[in-house]
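One structure coming up, written as structure tokens, with questions to follow.
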């Protein structure tokens, strides 16, 4: 089941400057992205998922800063690259579909010329690559006529599709999708997600899919990394997550999702609020919300443990003990 | 290309409303000013002729100058109908020259100064703001900021005097005043054009310097959010070159600055009116001061009206341009 | 059970003004007839643009309907103004979608709950009542939350503060416009549960407006599906979800995300 | 079609249109107002040919010249130019009464001053070739009498023959010679049959004067000499160029550089800025003119008391006002309200009193007041009735900065004798309106008439006492002049001999000094600067042959005809206009070059990246 | 624990002090606003001191004319023989007074009109909007001349009242426009709708909520208008329609220019008031700029190096 990792993240530490000093958002993060699969990164507010997306793409801006770590992509550390080198990689090797796609397009330029700009930026002649543009637009199931429109003349879904087409224009190897459907209508969202999945199957692009909406994440992803308070608390495949969750957070969160046909009484209520990474907490970051915590949970910080299952990691010192208390 | 018809209609309507308001204001304001110009002149005449003037002459003067004792609403209607017929009346100070003749002489020079200086300061200011914004929080930005803040905070007319002193009085590089050299005759000839540009240099320089700051700071503050905007981030994420990114941010930041452009026409007009008296430029500024000194209602109103119309038309043109430049507005024609 | 709130052929047109002279009208609602029974949780479901939020706003008279009538407790309230409108609004309260926008950032939690009490001339002990309301929305201890400003508490807590504010007027009907769509997954069920318990404890009727059929199935008794300003389907929640008769409803059900499903 | 380019074109076109429109407007403006034939593309004519001599003059700051040379509005801008085009019968020096026969050769009063016969000059033609003779003169005066109700006491104007005109007065009127003699004569053929002639805009003036309009623009008027001028060998200067300067300082600077050779401008630092620049050639002469007076409302207590007014006069430090407010240019005035040049009219006792009352002497002022029961208690003056003297208001005109300084000085000086004074500075028209209406207490003002002898000076201060609230165009101080004063005043015009005239003047002066209805403060200075690098013959303090200001239509012609081109004129050391044009061309080209280079560089930079 | 409605006087004062402290804290967070604040406070102290300690009577013509700076007259004398430093010193207070009066009153009017139109019916809103537009379009200098002439014509000595009035008349419209759009956007926010739903009156909403929400804009507008007031004062005086008998930096410039001080090299007369005005304006701009950065996080920066160092020590402890 495991593929060879196209990207390896090692000991990544990211945070933001604020009035109170440097706030760590992502703490000591290690992650492999397997080729040809969709890696879903899930997390609630404060988990650092968007920061992670930007850090991976090195698009994090001040006051955000990557403190330390390595991001190895095809044998090279992205964090050590010069900006020009990095720029040349973008859209060609790694691409990005942003979170607020509504505003991701330049409002004063027609779509076609925005495609042109991408080509020009990478030294390609726009006129010669016209067919390529058309193709990528067709790929996201848009009519070619949108090329001659301004962004504001398109609906939200069309804009999002345009952005996806633009990000995939130069056939990148890895695409990072940061909440690509947030804010869209349910039906549109559903369609776009289906299309993304379709494109991925066809082209076998590796994707990192980031969202706060757990149901969607589960629907889309082959592999899942669950973030909580800036740390990966569990990483595994889709089925491993559903069938054999090894971290209480994963388990409880999955159970808290309202679903058609599930009675309210059967939906788990997770106490407390999602939190940011708290450096003063020397124990488990989830301890404040964990119903299964033991006294040792607060004494030391749990490491990411490899389970006996293939490529399934978790960060809990109380596993499998807690599972006995939980009724699956 | 689509034409934003509704936008234009909207703007025309606004133009008319504001124009009408300004016309009314124009009627009311000079009438607030106490004093009677005919009396002042009559008094001088009486004194000069040792009292040998018939008092009927005063009435005659009043009639000649179009001063009326009719009820205010009648005066207002007369005023409107005269205006409608393009009749701005006869100047009292320069009797019997029609106000329109004086305006035809003076207004073009003022407009020339205004348009030239606004265009230049808009261009340079935006470029400077772009430079500061792109290099924000560096010493380059700080230099640009402090320079423009200082320029914006220095009294404009003092600046004018200092520039005049440096370049014309002591430096003797530029002429002391006037619109063109007195040895050249007006006409569409190269020496004349060069002379006009040369004479306009110092006034334009002063207005540009003093109005630069606003543009620079405005542009800087516009471009910074734009540089952090989603579409810039996305452009960076697509690996665009820095000049592409700068130009995208600039294009987007310049649109809101363009609305400031229309407002600055009025402001520049104010500046120009003051600069004109300092640089002896033959625009409406000096006429305005003379008109007020002599209670020359017709001239005052004529200048006021023409300046307002010029500003309004300027606004209108900028608004239209904005409509064409911003696709979000242009779209509304659909 | 009797009908507490009822609409009769509500339509709403918006003038989208594009110039001073011209404009387009957009029909946001077209001949909508719904009713709400006492102690009922009613779901209004639809995608964006279906008119569900417009309907909610019409029901609290943030908009006036273009035509049609609204009956509250069998009284025609459509033309209410001034005092009567105020009274009506204290009976029909609304909860907004975005908890980050519905509380005034410059005032404390205490203020937010105190104001409706003062405005409705609350007879009892205001301080106690505030504590009581905060406890009712499960913000314990109340004294901890009272002096907090909105930015000092989380989204779920804000939404609960807002509920307390709405409940301070002791409304008979609560209109909740997507109250959980902006919340984190782990907090959603908490708020839904709270709504449900409010209905049970206080006997408040609730109109729950959402695009998310998952939550609808969890909480509501009855459902109206809106599409392009029209009611396309209605009935008991289980029935509709189990046997959708309209294609639009089916699409909505199909699009409702399910973690156990794969795309 | 490339849509992107399309938009750029729109921007470019609109920018270009705006620029072109504005430049067209600029270019069209002078063309529109230029009356010389030819449109915008007309061949430019060189106004100042280097072979010819030109006199550059500026009558004072004005926004621009207007293209109207109507002889009925002789004072309208550009001031003074009318005197070069139109001429009067006599040139009369208002300083000292000297009369030069001009278009007339002589005059004669008869019937005890009831008849004036004027003998006209032969062989004078108007610039359109029309002969100057009695018909033009009669036409001129009759038009004025008919249309403007002037010449109230003139009964008839008749031509005795072609070169003799007789004026009939209803009463003896020797002083009308000044008004009649100063009136410019217009050609009958040109003006005949025109109703309301003052309302006509005259762009092509026809007169008998030494110069004619060659070209007009709002910034510059060029006059060329009239080849058929009646005075042989005159004028000696080929061109007179009126140059427009819009402000005092601009004109001052132009003067300092010799770009203007004759001007009348107030310069606060004339020695430093003007004469120091070229002491050999830059000169000024500020002869004293009409007195600036402290106008007192004679109907208001305590200003209705004559000794109180005298005390005020004594309390004013005229030297301080001269030095601080008037930059040392305006000399203290005598108390008799008579021009400095006309002081010889006064007898010894009057002259002494006029000087004494104008001397700063606050002690004496207090003595006078205390002698009449006024008391000074803790800095405030109390009247004989024991009540505090009311606070008085003193006005001057906003923007007349020297006067504004003067009134603060006067206020502080009066406070030394216990009179508290507030100051306000309304606009000119408001002030004159208020003065006319009597709606004031004190004001700094010029209240005297202009004329060749003191009778004119007094003409402004006498007359009926008009109650406050009604218009008084003369006697605005509302002085109830004694019957004796009126008698002297009315007797003067019928007096033929000098001795009777002097007796009348001294009679009036004596009453004036006793009563001091108004208080002369300083003589206003008649600003006059000249540069004698190339042109000589200027009037100055050493040779004060005539009134020197270029804005004064009659006198300026007299001065102009005295001017001549110096034979060994040194070359102008300063930058000439041609130099400026050269610099201009260089600068414009340099700016264009820098811009072009910058543009090309930025293009290249972009391509490189 | 007392609720906020029943705080004692002392607590209130403590609260105010704390609030002031935190406001100042905000000001000092930002280098620009801190500099601006320090300049403004220094000028204010200078102005207050000038009311009491001017070395000579600023009006009195008691020295030789046009003396360059020397030991007696540290900034020399005017062309009329007055002491320049005394004028500068004594003229500071009126200048500041006019700036602040125009700032406060102008802002009040702008807020009133802007908030009113933001809340009024469409028709009233349109009407107010056109009036505001007219005032925005008409060049201020023309209005200054006309109104100035009008007030001169009144000839009553009203001190600085006419000047302040003229500047308010010509300076309120810009703020009104800003407040109108800000109010329109604030009044559409959910929390305002919420207050409408619970039955708050419009007045209560405006005073309890809108004003608080637009406070940063009000403060910024105050600085802007005060700036206009000071700059406008110089224009009013330059055009000669102000009250020239009083000493302030505007009249100083008027007299200096009137005496052609710039041509005769009397820099000690013309530069001090210019630079003081410039410094005052500069402080307003800096404050405005800094406040803008405080209110608008996208403009904000944190001192990277210091924070880093501090953070390191924090973790070491």
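Here the chain labels run A, B, C, D and E in written order, and each chain numbers its own residues starting at 1.
Convention: a contact is a pair of C-beta atoms (placed from the backbone, for glycine too) under 8 Å apart; a residue touches a chain by one contact, two chains touch by 3 or more.
All of these numbers come straight from a predicted model, not from anything done at the bench.
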item	value
Path length in the contact graph (subunit C to subunit E, fewest steps)	1
Top chain pair, ranked by number of contacting C-beta pairs	B-D
Chain at maximum distance from subunit E, centres defined as averaged CA atoms	A
Subunit A and subunit C, separation of their C-alpha mean positions in angstrom	32
Distance from the mean Cα position of subunit D to that of subunit A, given in whole angstrom	87
Averaged-CA centre spacing for the pair subunit C and subunit B, given as whole angstrom	54
Of all residues in subunit B, the ones touching two or more other chains	33-35, 169, 228, 241, 289, 292, 325
Shared-contact residues (touching 2 or more other chains) in subunit C	none
Residue list for subunit A, restricted to those that touch at least two other chains	110
Touching residues (chain side subunit C, partner subunit A) in the complex	47-49, 154-157, 184-190, 192-193, 196, 211-215, 217-219, 241, 251-263
Touching residues on subunit E, where the partner in the complex is subunit B	130-131, 133-134, 136-143, 145-147, 149-150, 153-154, 174, 227, 231, 234-235, 238-239, 253, 257, 262-263, 270, 274, 277-282, 284-286, 289, 292, 296, 298-299, 301
Complex interface listing, subunit D residues touching subunit E	249, 252-253, 267-269, 272-273, 320, 324, 395, 398-399, 401, 404-405, 408-409, 422-427, 430, 434
For the subunit E and subunit C complex, residues of the former touching the latter	1, 3-5, 189-200, 208-209, 212-213
Subunit E residues touching subunit D - in the complex, by the definition given at the top	59, 61, 79-81, 149, 152-157, 240-241, 244-245, 255, 258-260, 263-264
